[in-house]
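Got some structures for you, see below.
Two complexes follow with subunit A in common, the first pairing it with subunit B and the second with subunit C.
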Partner chain A sequence: MTEKTDTARESAVMTGRSVTDKTDTGSHGRPGRRPAGRRRAPSAGRSRSWRDSPLRKITPWLFLAAPLALLITFTYVPVASMISYSFTDWDGVSPDRENVGFDNYVQIFTRPELFRVFFVSGYYLAASVVQIAVALYFAVVLSFNLKFRNLFKGILFFPYLINGVAIGFVFLYFFQDGGTLDSVLSWFGVTTDHPWLGDPTSANISLAGVSVWRFTGLNFVLFLGAIQSIPGELYEAAELDGAGKWKQFRHIIAPSIKPVISLSVILAISGSLSVFEIPYIMTGGATGTQTFVIQTIKLAFQFNKTGLASAAAVVLLLIILLITWIQRRLVPDDKVDLV
Partner chain B sequence: MTPDLAAAPAPTRASKRRLPVGTLLTYLSLIVAAVVVLLPLTVILLTSLKTSKEVSDGGALSLPGNWLNFDNYVTAFTDGNMLMAFGNTAFILFFSIGGTVIIGSMTAYAVDRFDFRGKKLVMAGFLIATLVPSVTTQVATFQVIGSFGLIDTRWAPILLYMGTDIVSVYIFLQFIRGIPISLDEAARLDGANTFTIYRKIIFPLLKPAIATVVIIKGITTYNDFYIPFLYMHSEDLGTISTALFRFKGPFGAHWEAISAGAILVILPTLIIFLLLQRWIYNGFSQGATK
Partner chain C sequence: MGHKKTTALSGAVLAAAMLALSACSGGGSGVTGEAATAPSDAKEVSGKIEVLTQRTDLVKNGTLKKYAAEFNKIYPKVKVSFDGITDYEGEVRIRMNGKVYGDVLFIPGAVAKNDYPKFFAPLGTTQEMSKYRFSDKTEVDGKVYGVAQFGTANGFVYNKALWKKAGITTWPKSPQEFLAGLKAIKDKTGATPYYTNFKDGWPLTQWTSNLGGVGCDAQASNALAGPVSPWKAGSEMNTIDTLLHDIVKQGLSEKDPTTTNWESSKALLAEGKIGTMMLGSWAITQMQQAAKEGGTDPADIGFMPFPVQNDGKFCGALVSDYQQAVSIYSENKPAARAWVDWFTEKSGFAEKEGVVSALKSAPMPATLKEFVDNDVTFFDRSEAKTAAVNDIDEAAEIGLNKQDYRQKLVDTARGVEKGDIEDFFAGLNKRWDEAAKTVGD
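Take a look at the complex of A and B:
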């Protein structure tokens, strides 16, 4: 479950090259990296004058000026000011604010109505288990030769590309009384007048279901890419050794795509905590479907509690950093290789 | 999981000779999945073609009386300000994608081709930023955008989409590494300066990476709801996401108009997907794991 896709990919970045190499499906995959230490190879004096020129010192900074300015303005300044707001009772507009120490943090963890949103994440977390399992199943199935393989691939992936607001409306209609779901159930002789979005439990399950519908395709494509980069000879060898499909999955496919699965798990957890679009569009956070991000946005922009909202955001950020850190401890082969 | 996987089809000769139960079950599971994906969308398509009387009288799965009834599309398009929404979205897409491509490739070029003091620090700066999900910092980012006086302008989302896209930097970095440095050196011997090398040699060679970035960035920007919702309140600044979201008010329970609006928004994505399928799959599996 990757509610915010850019967030998802941002945190995905740090799993680094080892994942990439395995998932590269090859259309414009590049064969090796450049030889190590190439840059420091003696250049036979050809460009010595350039190497010594003072211009060379500032050139990289000319290229980096705009990106660094954006990076600092829209990432580091907000993080720093968010932390500083979180210790104040600022309302976001008035010039004066008072330092309240850890009061905001205490409120988040002690006021049950503020803390409740974490339980809502539980529904989405459970949904992402379903999502990863379903995606894995279809990725394995569709990596073999089947009729209409590409058609099924396209159908499974397409929901991920659809606009979130459109999905919200599609499923609002789907879950209506006498709507699509009720009509389909009546085909099977199940008549129900259950209002799907009417009570907290079924509303959250319904919304988490929408999330599975929407995001399975992304996991599916990631898994499929990883599986397809496994050399075919491995299967042949395994088949010669008499390994069945299940054994091939356990001993060839599963280990090879472990980095991608681990990536999906971390995306699922941070995605479950930062769910926003679907519940906001479909229920506006009513009937117990309010999530952490909806709450933070309401605190900040509706109730003008910028200080409290910032503290909530800091908590969310810390949880996500902690999960990332744990994940990297658990899967140590995901080395970060930057320069 | 387990029983299903055991039922995975045999890809070899065996499957050609007869249809084992396993293969049948596999196809059955695929068909069920396809129905689950397509049914909600099909119903919305049907609803968009119905008259408002048909919607209130018939069930969700009933068929429209006139398959060529496009009245709802006209209503959605004109009353829902969809033309303006598509215009705003196109404007934002153009600048944020252009900016992302230029900024991302320049960053990658500077980092890969130069050794300079503070390079490690710069890279660490980009790396740590990837750990900060943008949803968490929006409360404070709002103040930054506000201090520039950009709230309720199309430049707010453009700057945010450009400024937070670290993924593209990594995609470009990955790619630039594969371009032999001897090309740079040859050009330099011919008298080209650094900027000319970037513009005439590196940038054109980055085409596949640019395609990846344009696709990923384009689709996520087109579909983004969060940022335009927070930063652009004016009615005439709606993007396709926020304009569609506003259907909730005026069209209330007029599901035929809302459905038509949703289909109008989905249609461009569908067309692009059908045209660029292969690149989109690759783009996402590369972009997401990089």
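Take a look at the complex of A and C:
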């Protein structure tokens, strides 16, 4: 549920694009293919040399050069070097490193305490169920005509715009002894002496709550976008047939936004496994709030085991890929056909 | 569109890719040999030097610039600039993969001692550097690579007025007396007797600095190099961590440790809302400053040694702070060396900050007057085997100078983490001993 910004945005764009593609196909014939006549047009002079010029084949690559260079420099090269570090005993500073083969991976899988931190992800996983449900509820409600609709949309989306570090600090004050939460509760006559971040269970629940607060807006916007692409006539027809709001949701909205929901679930699971920002800033992983990513960072930067930490990062990557693949198997991405 | 442009463009892409590839292929071996010797003529030495520092506050408020101006009175041709780095350890260790990491810098903890010659210029032989405290910490093969910025004694910063109010006027001589004192503060004044600074974490690492002071043993740190079960009953680490455990267990620390705040804790101690904190002697001036700003009496800030006596006397182990070194890639090594020497010996920095000068001949600072008056035995804790100790510490993933294991100790004491202190120490001993065997020094 954290760290999903980029992928989420990309897929939002992708969903949008597929919608436009569809309309294109309807009105203009097949895009991307040139009319046949032009192809057969007599070639002479410049146009002939252009067609035969080697430049013509290169042109698409020229357009791709900049994004590819960026992609390779900032994604594939670092990942490749991370994978190569994972087979060494590098300490992160020393110019020397030794190849240790699969030793780091063997360590990861033979030291149960390194995997125990995944239990913490359970809290975030549970929280993301809440998060998706809340987001879905508000997306459905706010897709109908409602007073102050845009205001509510803004309010719901706003937390997502705030920087994660700032959120960490704000909620640190919120949860502190006699802080915002305690004083608000005391207005309702609830006086509690409980330190919210004081024991592992309540600390993890509190942190997961912050995470829900932060990321609900993103899910909400994804759902809202999808819901609004449903043609309005469908509701009218459904209403004429006597379907209530729940039936409309059950049979129209839910099936049509299924791809977005399944995307959200994938992001929620991979996000839950790689939670980092909020617990790192708020507790630093103390009091049983350490997650796999925090543990990896500590291995790399506190204990100077860059090799082992790289291996842990590779393992996390593989786990997430595996889960995504399994989920794709279980819930195939079938086409949504509304009409 | 012309062909020329194409080749130029693809050339650029290729170059960028090559650059990216070569950048990740590691730091290389570096230039070795050239020592950073002190210049013989102060008027002649010239060049620009950059000094890396973690004291961003001193960079921002211009204090360091004033030091540079003083320095220029003696070395007029050297231009000194400062680079204040908030996350010093994290950032510098990454910069050290390249060649640009300032001319003068503090040696990051992550650099293995045996790698010092690959990163720093030697400053002199052990013999030449023996006028400085802690020079054994950076000695590799008879050459010294760093000069301590300063040294600190360790102990409890406390509010004298508050302790007096609770009826305690002499320093506690044993952990039991200390705990009783804290309890008296809690019962009689309602203040928080001890503040852990659990959330910020690093103040918990200060407890480790008591190593040596507890047993009056200059070799206490070196003695950890090996499978020696550092937390076995009766050991210094055991005494140190048991005291912290007992403070928390008996409810003598702050109610909600997870949301503590270092900056505000200074004011709280000065005001007498907090009784005591475990810190280095460098903290005294900061607390006095907080007292001045808050309108309370700076003279109320006291400093007491760890509550253990050996032969009827308290012991104060002096421990090294960051070590200043000269980058091996520095182009103005004499100028850089001149800065290190001047800053350590003539700048008056240690005196102003109330810490122990790295120069053995310098007198004890005013902040430690109480220690001197009460006849506390001072000695420099030897750091000769720090490298081996650190190797074991890292292999065991304990972190003697990291906050994590002590946060766990506090959580165990509070009862939110499973197990008791015996299990906890047993686990640490086991990890330490196993790691010591694999590191094999």
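Note that the second predicted complex is superposed on the first by the 281 of 339 C-alpha atoms of A that agree within 3 Å, B and C clash if a C-alpha of one lies under 4 Å from a C-alpha of the other, contacts with A are read in each partner's own complex, and residues count from 1 in each chain.
Convention: a contact is a pair of C-beta atoms (placed from the backbone, for glycine too) under 8 Å apart; a residue touches a chain by one contact, two chains touch by 3 or more.
All values derive from a computational prediction rather than experimental measurement.
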| item | value |
| --- | --- |
| Which of subunit B and subunit C A:S94 touches, first, second, both or neither | second |
| If touched residues of subunit A are counted for subunit B and for subunit C, the larger one | B |
| Which of subunit B and subunit C A:F301 touches, first, second, both or neither | both |
| Touched partner set for A:F119, first subunit B, second subunit C, both or neither | neither |
| Partner chain in contact with A:D177 - subunit B first, subunit C second, else both or neither | second |
| Subunit B versus subunit C as contact partner of A:A286, first or second or both or neither | second |
| Partner chain(s) touched by A:A203 [first = subunit B, second = subunit C, both, neither] | second |
| Partner chain(s) touched by A:T73 [first = subunit B, second = subunit C, both, neither] | both |
| Touching partner for A:F102 - first (subunit B), second (subunit C), both, neither | neither |
| Shared subunit A contacts, counted only where both subunit B and subunit C touch the same residue | 66, 68, 72-73, 77-78, 81, 92, 173, 176, 179, 301 |
| Subunit A partner contacts - residues on subunit C that touch it in the complex | 1, 3, 6, 9-10, 13, 16-17, 20-21, 24, 26-30, 89-90, 93, 96-97, 108, 110-112, 115, 118, 198-199, 201, 255-259, 394-395, 397, 399, 402-404, 407-408, 411, 414, 416-417 |
| Residue numbers on subunit A that touch subunit C, as the complex places them | 55, 58, 62, 65-66, 68-69, 72-73, 77-78, 81, 91-97, 172-173, 175-177, 179, 195-200, 203, 283-288, 298-299, 301-305 |
| Footprint of subunit A on subunit B - complex, ascending | 1-2, 4-6, 8-12, 26-27, 29-30, 33-34, 36-41, 43-44, 47, 59-61, 103-104, 106-107, 109-111, 113-116, 119-120, 122-123, 125-127, 129-144, 159-160, 162-167, 169-170, 174-175, 177-178, 180-181, 185, 188-189, 194, 198, 208-209, 212, 216, 219-220, 222-226, 230, 240-242, 244-245, 247, 255, 258-259, 261-262, 265-266, 269-270, 273, 277-282, 284-290 |
